[in-house]
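Dropping the structures in below, format is structure tokens.
In what follows, subunit A forms one complex with subunit B and a second complex with subunit C.
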Partner chain A sequence: MSLKVYMPPPHGGKLVDAVIRDKDKAVEMAAGAMAYDIKPTRSIVDGSPIRNVYREIMSIAYGFFSPLDRFMTRNEVESVLKERRLLDGWLFPFPIIFDIPEEDLRKLGVKEGDRLLLRLKGQPFAILDIEEVWKFDPKDLADRTFGTPEKNSDVVKRRFDEKHPGWLIYRSMTGTALAGKVYVINEPIFKDPYTRFWYPPAKSREEIQRRGWRTVIAHQTRNVPHTGHEHLMKNAAYLGDIEPAHGILVNAIIGAKRLGDFVDEAILEGHEALSKYGYISPKRHIVTMTLWDMRYGNPLESLLHGIIRQNMGCTHHMFGRDHAAVGDYYDPYATQILWDKGIPSFGLPAPPYDLDKGLKIRPVNIKEFWYCPKCGEIAYSDTCAHTDVAQRFSGSFIRGLIAEGIEPPPIIFRPEVYRVIVKWWRVYGYPFVNKKYLELKERELEVDAPKMEIPIKG
Partner chain B sequence: MGMPYKMAVILDKARLERIKGTQLEGLVKDLYGGYLKVLELDVPDDVAQRILKEFPRARIDARGFIEETPVVFKRELFEVIAQLRSVGREVFEELLKPERLSRIKELAAKEEEYLPPPPLLEKEK
Partner chain C sequence: MSLKVYMPPPHGGKLVDAVIRDKDKAVEMAAGAMAYDIKPTRSIVDGSPIRNVYREIMSIAYGFFSPLDRFMTRNEVESVLKERRLLDGWLFPFPIIFDIPEEDLRKLGVKEGDRLLLRLKGQPFAILDIEEVWKFDPKDLADRTFGTPEKNSDVVKRRFDEKHPGWLIYRSMTGTALAGKVYVINEPIFKDPYTRFWYPPAKSREEIQRRGWRTVIAHQTRNVPHTGHEHLMKNAAYLGDIEPAHGILVNAIIGAKRLGDFVDEAILEGHEALSKYGYISPKRHIVTMTLWDMRYGNPLESLLHGIIRQNMGCTHHMFGRDHAAVGDYYDPYATQILWDKGIPSFGLPAPPYDLDKGLKIRPVNIKEFWYCPKCGEIAYSDTCAHTDVAQRFSGSFIRGLIAEGIEPPPIIFRPEVYRVIVKWWRVYGYPFVNKKYLELKERELEVDAPKMEIPIKG
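This part shows the complex of A and B:
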């Protein structure tokens, strides 16, 4: 058997492409359907927009979530909650639900078997073929999605609550869901700077081939990179097959984030600056994005990341400490536990690559990098033994430094990356996500919807 | 006994000047090869819980440090340290006095809307 590693097939075997590019066909499909303007999910705590389902529609239709091609039925959600599998058996971590206020549903008067036209910014955007109308208890769904210390004591350390942004998304849903296949019928146009980072799976696979990369390691990000992230990327990328990985594919999660995270534009351009200014050669680096209102679900989020990046054509995925985590709800190494031996309490008795209908992407579990004053360099925590003097990287500490108006020293933050933060700080009057940014982001979104005329009912 | 937490106050040139010649000077720690100077404070568990309660966005990071407190909280923390010439528990007792705390919270609320961006960076001039 060859030791060389090649691009894996999409999860489920085939990329979903539910984008109708033929205008006449799109109009024909939508004609006569009841129309509904997509609304954001607003936090039950303070009313802030914390999710817009358009991002999930995009991620389904463009194949990021392949083989998922629909909003889930009750049975499918139950299957996901029980064993993190779709009804056809393929692994999938989160319930993907199109929820709607009860009153809106009553006004629309749609039922199973009907087609709904979904509008975005007042323009036709997608259609949803309603297979099932079902109800759920949002709190119960939120608890079962993320787990509880009683039922999932292998990785859940603390009961989830409103302070957890992902739990809050599910908790803030309406409790009434429409399930069924969804199609984008009017491709949105990405705004600057998002447009240049938009590599849906089919395009990403083409780009990887165009660049001649055989092995590509994915890096998940919701952060502007400090040098700890940079070392993680560079060092994890030594693992390929007979030589280091040819490419590093950074995939940023773009959507509503928790207060205090960096703004999306700075995350993308911050990563871009690393290759623009040569810290990682542009020959080996690409920055991309996925639309998703992050659930901060640590091991579960990592499973979604594995699916997305396998679909994008990556051969490897790096996972660090506290992967996609917030607070201390999960074991800091829960993601690595999943990819090392599985999490039985989530219905995953073995790691995702050892399960039937599991993943083909290879995990690279990495601990952390710290600054060691004794070594006088940034060192890997399992290599450097100076644990008593080692200075760990802390994103929170760096954010605090930035908020105080102090430029972080180059050893922990590249000056060009800091300049990106300041650029967007000037635009928004704030360097991080705050309520104002969330509202503005909800109003503007990452896209504009082109004008499209469709004969409609509602 | 709860877990011992910490807080760090970053010292820029002006702050270093303020503590010059005091006993605090001997407590200054180098971070990241001396690029950053900080004063570290031990935070008793009850004080830590109080800070987390008063400032919902504050959190304990992977190092066990309380971070993401409002900028004005950190600024006032330094003021109290400089005034009392101490990094002991009394610093937090002073900082969390009702009148002072309510002023900090008032300013912190404004800070959540707007933070002045830094002046032009050297390379942009």
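This part shows the complex of A and C:
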């Protein structure tokens, strides 16, 4: 009964690599294909961009979503909705759909068996080999994706609606989908500072091996870290198997933003500052990113996180309260329920590591951290019994201070991390995401598109 | 590949229970047996008492050492010295020997097949059924028990000598041994405050189940805890399997003391204060004790600790630097080497959990904690990179402050724990073990011996 944990294989056994790095081959593949400019999914509520499918194409092609190598067919989506499995049986939580306006499809005139060239920021970017053209009811799809209080009473507490950003993404889809394999044929170039955080699974695995880490615990983030996040990471990292985890892999989800969020640049550099300034030794810390317009699916999102970080080579994943959650749609501990005993109503009768064709990454379910003046430290809610004086972290309180131009006290926010916020505040004129940032983000994305000449139609 | 860890079975499969609770049966068993008053083992250096075999009898009879239910025969000791296994194959690190002065044995006139009644503090206490009378060379036994730099160069750095208290115990034995089964026939009554910390394995297992703990991590102690110990416990306890360990079981080794040690009463109540005053929630904390004159055998001691705490129902055991070590005889990380890859020269070619008839308890090898003024907290040496300002804990520095009547600063010592030291300081007139305490300890031990009338010889 050897205890030692080693790097798990990729989900499904093999990393997807659908990036064509040979220029000639790329041109040859694209030649003659109809071309189409990727459009953002726009909210049915106010028309604002809430998703850009380029991020899903990147995550598929670079292997983050392995073994998924395509946009799903109707059958595959049905399989995902029924039992959260791909057609080949491997666990997968969300429908991944390339939707297109009906009118655009008519204009393109493409059909099953055709090849489509997708353009990003005016340049060739990817190829989609159309395996199926199919239709769906966006509202029904959205409901079935996230569950309903009737069918999923074990974890769903409230009917999903337009205030839920993930539900709104599916609800705002066009209802017409193209399924099929995708390839990136012209690698986008990341802007500063994203480049140095880009560790696609193959590179991430290499880096972990280079560093000699046997166990690596993943941390999900969409935040500039306060000391509560820092302690969550440091303390969850004691979980190894015979010794604390060798590495902490921070993986920020980079994608569509909402007003009031921290800007992505500050999130990445804020985490980086923790090791740059020694709060977490650089020897056991790495900050990375994944492109994805987060669906805030709490337990379902955690399953995707498990897949992404297993593909990146992590052995463990920490899951806290309200993991990837927004509002009170789900039980705040729905993710931990999934990783403790499963969620039968989603077709997951056992935790992901106990299911056939499930995951190999191991969960670390962990509760809250607070500041306890009696202990004189950031304390764990299950350990510190000074509940009468303990002070809970409040992201909105901290953001409130920052918005007022007040530097939060060092016990809750490291000064060097605050300086990162100030740096990007100067760039964008505001410490958080505002309308200007949203417009810029959708126009510029995280990448530049290199020029590429292809004999194209359309 | 279910991850969930549950309470391991006792070492060897079944808890030893050799306590005769039926008075009539006890009297019947003892009737007619020759009686012998237990004597302390006295140091060959200065004649001071350094061991009292009553503690070993207690640990055997109450099942702490399961499956060992007797004092070892020559063959069993040979097996332990060769491959650290009992004759039935189960791992066990130390010779457990009932030695007796040659002259006493001659006076008693007992031989193989006879029954001996052992008296403690003048009262009947235990029965030893003599299976074998055998002789040994104490110095050779001591050397082979702990290893030598020649034969065990993987972990032994220096030849053992009389300055090593464990080596000295074996070296000071008489060289004449009685082997055989032991039974406690008249349960000693613990003095205050020991009683409430007495959780023999069967009771400890019941208590763990009553509390609903699925995972429990053991902490070895011979110290009043400073905040470094506290953080070692709290942080190692994040190690569970899918969530932090439910319980922290502190197990103090109570036995022969050395000048300058903290007194046993303060050790137990000092740990108790941590949960009494909320630094570790009482919901996940229990303080217990085991009677044993510690041998300071670092990796070998850790193996015994694993056995004791597995028998008590723990799922995990934390092992730090210099575990149960004294001086520089062993590699400071010898215990972690054992629990990481084994120590072939001791007959342990793999870690105890990977050996046939090995242990089920799981190790947590953990490094140092220090106070970091930059982080503003007690930090982990592998996490905090501020090595230029980090302040290491020094037990002798803290004891120095206390001896001067200075209360250590709260960041390194909890005030409520200090008050426990002061309480016992008032009782014994000195905050640490002094000669008076040593004399009192050997005379009084931790127990009172209840009166029992038995028709006895001798």
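Going forward, the second predicted complex is superposed on the first by the 457 of 458 C-alpha atoms of A that agree within 3 Å, B and C clash if a C-alpha of one lies under 4 Å from a C-alpha of the other, contacts with A are read in each partner's own complex, and residues count from 1 in each chain.
By definition in this document, a contact is a pair of C-beta atoms (placed from the backbone, for glycine too) under 8 Å apart; a residue touches a chain by one contact, two chains touch by 3 or more.
Keep in mind the model is a prediction, meaning the values are calculated, not measured.
Once the two complexes are laid over each other on the shared chain, residue contacts for A:D340 go to subunit C alone; subunit B is not touched.
In the superposition on chain A, A:G240 makes contact with subunit C only, not with subunit B. Judged by the touch definition given at the top, the superposed model places A:Y430 against subunit B, while subunit C stays out of reach.
In the superposition on chain A, contact is made by A:G376 with both subunit B and subunit C. After overlaying the two complexes on the shared chain, residue contacts for A:R284 are found with subunit C alone; subunit B is out of touch.
Contacts of A:I411 after superposition: both subunit B and subunit C are touched.
Look at A:S153: by the touch rule set out above, it reaches neither subunit B nor subunit C.
Contacts of A:N365 after superposition on the shared chain: subunit C is touched, whereas subunit B is not. The residues of subunit A shared by its contacts with subunit B and with subunit C are 376, 410-411. Against subunit B, in their complex, subunit A makes its touches with residues 163, 259-260, 321-322, 327-328, 332, 371, 373, 376, 391-392, 394-397, 399-401, 403-407, 409-412, 415, 418-419, 422, 425-426, 429-431, 434-436.
Note for the complex: subunit C touches subunit A at residues 1-3, 234-244, 275, 278-284, 336, 339-340, 351, 353-354, 360, 362-366, 374-378, 380, 382-386, 410-411. Touching subunit A in their complex are the following residues of subunit B: 8, 10, 12, 30-33, 35-36, 56-57, 59-63, 65, 67-69, 71, 74-75, 112-118, 121, 123-124.
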